[in-house]
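The structure follows.
Just so it is clear, A, B, C and D label the chains in written order, and each chain counts residues from 1 on its own.
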Amino acid sequence: MAKRARILIDCKDAKGLVYHISKIFYERNLNIDSNREFVDKENSKFFMRTVVTGEFESEELHRALASVLPAEAQIRVIVPKPKKIVIMVTKESHCLGDILIRWADGEFEADIEAVISNRYNLRDLTRRFDIPFFYVSSDDCSREEHEHQVREILGELNFDFIVLAKYMRILSSDFVRQFPERIVNIHHSFLPAFIGANPYRQAYERGVKIIGATAHFVTTDLDEGPIISQDVVSVTHRHGWKDMQRAGGDVEKIVLARALSLVLNDRVFVNGNKTIVF
Amino acid sequence: MAKRARILIDCKDAKGLVYHISKIFYERNLNIDSNREFVDKENSKFFMRTVVTGEFESEELHRALASVLPAEAQIRVIVPKPKKIVIMVTKESHCLGDILIRWADGEFEADIEAVISNRYNLRDLTRRFDIPFFYVSSDDCSREEHEHQVREILGELNFDFIVLAKYMRILSSDFVRQFPERIVNIHHSFLPAFIGANPYRQAYERGVKIIGATAHFVTTDLDEGPIISQDVVSVTHRHGWKDMQRAGGDVEKIVLARALSLVLNDRVFVNGNKTIVF
Amino acid sequence: MAKRARILIDCKDAKGLVYHISKIFYERNLNIDSNREFVDKENSKFFMRTVVTGEFESEELHRALASVLPAEAQIRVIVPKPKKIVIMVTKESHCLGDILIRWADGEFEADIEAVISNRYNLRDLTRRFDIPFFYVSSDDCSREEHEHQVREILGELNFDFIVLAKYMRILSSDFVRQFPERIVNIHHSFLPAFIGANPYRQAYERGVKIIGATAHFVTTDLDEGPIISQDVVSVTHRHGWKDMQRAGGDVEKIVLARALSLVLNDRVFVNGNKTIVF
Amino acid sequence: MAKRARILIDCKDAKGLVYHISKIFYERNLNIDSNREFVDKENSKFFMRTVVTGEFESEELHRALASVLPAEAQIRVIVPKPKKIVIMVTKESHCLGDILIRWADGEFEADIEAVISNRYNLRDLTRRFDIPFFYVSSDDCSREEHEHQVREILGELNFDFIVLAKYMRILSSDFVRQFPERIVNIHHSFLPAFIGANPYRQAYERGVKIIGATAHFVTTDLDEGPIISQDVVSVTHRHGWKDMQRAGGDVEKIVLARALSLVLNDRVFVNGNKTIVF
């Protein structure tokens, strides 16, 4: 029976890659629905995302591709199904709320397994959508202790991605290293401007005329992970920093949703400290 | 000696197209520098733009591609060289001026053969850049007579594209039909809003909060040709229609330059009344 | 006790208006927190929105202002308090959901009295937020009958504004005339482009490179009411019309929320078929 | 005979300012064409820009305003006339070219007195517009020596503003201090991101999805002066840093022209390290 797969390939660039790969598809009578390639010439790397339809057996297809590609090639044959996500929040509702509304409408190819928070503020909102809410206090305990508790909960769950939807604590390197390319964060500034705490206050103090938001994978370098999506909105001298925060909130939620959609649709490659977005 | 070509293919969609095409490149030891494809599923059409480098003979490559593609396939093997353009204007300087500055800076892969106008206003500006300026009066003569004179001048020139850089007269269907997919126009509105005369006045009367500009290929249907590029800018109740015109001028020149660049770099396919932009 | 008022004045332009008005404030020892004026010179009309703080008695202040302004002047002295809104929807959740999340977060200076729909789709979402949901079937009945039932429900409610948050039926002139400048609609196109049904399909067919959304007051002319807010998003040839619809949805909800905020904060004057937005 | 003035007032906030000021206008029978105010509450400062028409004598009007305003108030009564500007450049033509085209079209309320450069690249372009071009070599000399020569030329000229239209050298604090709030610079990044050298390279390395440009007044803190205008453009992984530079160039010239227009129209107040833009 005909099915669909997303093929993601990431390897050293070489002559004939498209030919060798498309030959595999051709020999199996697969149809190419869409196809995107990119060659990073500086680093001589090749990236390809192809959607094929037809009759295939995933492992066989993977083996066939591996047989014509360099040994180090990363090959993924993904038959689309909902990914599982866990959302971490603190107290602002706009990003979580936006994700919930979209999810309830079937916009995301995802199941939301749980919401974890160090505050109670968003418990009611979460429960309105019948999603488990875990409260893990961060008061009166060290970061290690707090994260230990969070990881115990995560250990009980089955998930592909963690989404930091305005989670206002910094995760330790230890934590981050457990989930490489699996944590998506929304930062409330147009990175790399205004790294760190209270970017809207910083933006206000600097007198900028545009503010923005950045969705990125979390790495062990704070606010330095590969950027997935960014957007901006104009402000004027009439915006106090709270007005900037409100205006910025609209950008944050749209940018986070866009990045999450891209990630859930397997459209994002990490390339060093950057992303390729197909 | 290694050279570079842009291969543009446009044909009915079919299984194996990417394989057959990439095989041709592979057998000739050509390197794929970049590659973009699109399948219009509604109309079952396939579009591909590939940049290859290596040693090849254009006609041989064309024949080889033709041998593996459907009979009706449009195949172009383009070894990049400056295209020749003629610019038609009336009296506003911002679009012409922007093109001249960019061209003088080597930004366009193009030679400007001439500027033709039905007014004298832009003669001095054109001559500052040592480009021939032809004045063809549109006063006291019919559209046919005027266009006849324009076409006599065009007949003496060698050119690939005509750029209407705020040419404020409507070209006859007869004229347009002579140059299919070869006339690029900038329309001073966000088409299809405000078709026809004085779109800024129309936009002002309607009280819109955003105005825009549209670059498109000219067809025999006024303001209905395939859109290449569009952009917008915000306005408020404080903008009178002349303020809108001024703000819109900035968008017009950027959009026209962007469209022209895309066309000169062979990045635009016409697909019915739409474009594919790679 | 010190309080705050928004003073909205709208009258024929004349010399000395700012002087006469500010004198009233000065004599009462009121502080001007913010002040915005606009003169529509074409129509010789004056608009002013001032926020004052201090001790005042609304009716006395109104009378004082009336005594120095032309007889036809519209004067509003508004002591801010939550306005009451009724939301009408059909089946798409993104605009309603966005409003609910913002409202639950206290972002709107408003109480949501009810959601009315001709479909059941959004009942659960509405109830998650403990808001009354009224289903009024539009099947097997005339527009008059349907609207009659809607108006019976409205008659039981106390409200300032009706928000059409993707209400997909056309309201009769009779209905609209009951609520002048009190119905805010989100239209899913960059008006005046793509008036009428299925604008995303229209936009797709036309091959535009940018799509948009428009929030406006509803008047008896379909899609022709005064525009409050607009915004846009870029699309490419890769967007089918359903992709455009999804991308457009993000713009719709942001534009509607922005317009609603402006209206709830008494920042919008209607000036003929246009708005003044302070 | 009726004339027009722009009145700019900047003082400590106090009750009754609008009343006292508008009384002055009223008593002189002046008409208020437009009026904008802003109160910076954090710093308790009041800013006002009013355009009045009627019969007045500038010094008398100034004295009258001073008599009702706090002693420290900055009051400017400006009867519009072209301001004089000097443009400093290095070798990129897009900003200078854009200014020249606009200027030749009468878009700026300004006379261009001269172009000064440390390179010959833009001499021909400048001369095409019949504007004096001064070459001041920066080779084989210290910054002090170079600036000394530039200041000798400036000393011979009569000018209001210096525009750095891609002048690629850092001006000394000594130089900058001579021209407070009189030097406008275009910085090729979305400040405060990518301060310093080669911002496009920095942006490319960081993998941002949006790049921008910033026009600001130059102060003795490099890239830290009050921001007048900013704008951005989207980029993707397909943009190398030279592509970013080209895309950014379009933003730079538009942002610089917009800032210059605002400054020439006396629409910009400096408020500490920020601007108020009316």
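Here is the rule we use: contacts are C-beta pairs under 8 Å (C-beta built on N, C-alpha and C of every residue); 3 or more make two chains touch, one makes a residue touch a chain.
All figures in this text were calculated on a predicted structure; none of them were measured in a lab.
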Chains touching both subunit A and subunit C, listed by label: B, D
Of all other chains, the one whose Cα centre sits farthest from subunit D: A
Centre distance in Å when subunit A and subunit D are each reduced to the mean of their C-alpha atoms: 41
For subunit B paired with subunit D, centre-to-centre distance based on mean C-alpha positions, whole Å: 35
Where subunit A touches two or more other chains, by residue: 34, 38
Residues of subunit A that touch subunit C when the two form their complex: 34, 92-94, 97-98, 100-102, 104-105, 107, 125, 128-129, 246, 250, 254, 257
Complex contact set, residues of subunit A against subunit D: 38, 40, 190-194, 205-210, 212, 226-232, 236-238, 271, 273-277
Residues of subunit B defined as touching subunit A within the complex: 15-19, 22-23, 25-26, 29-39, 234
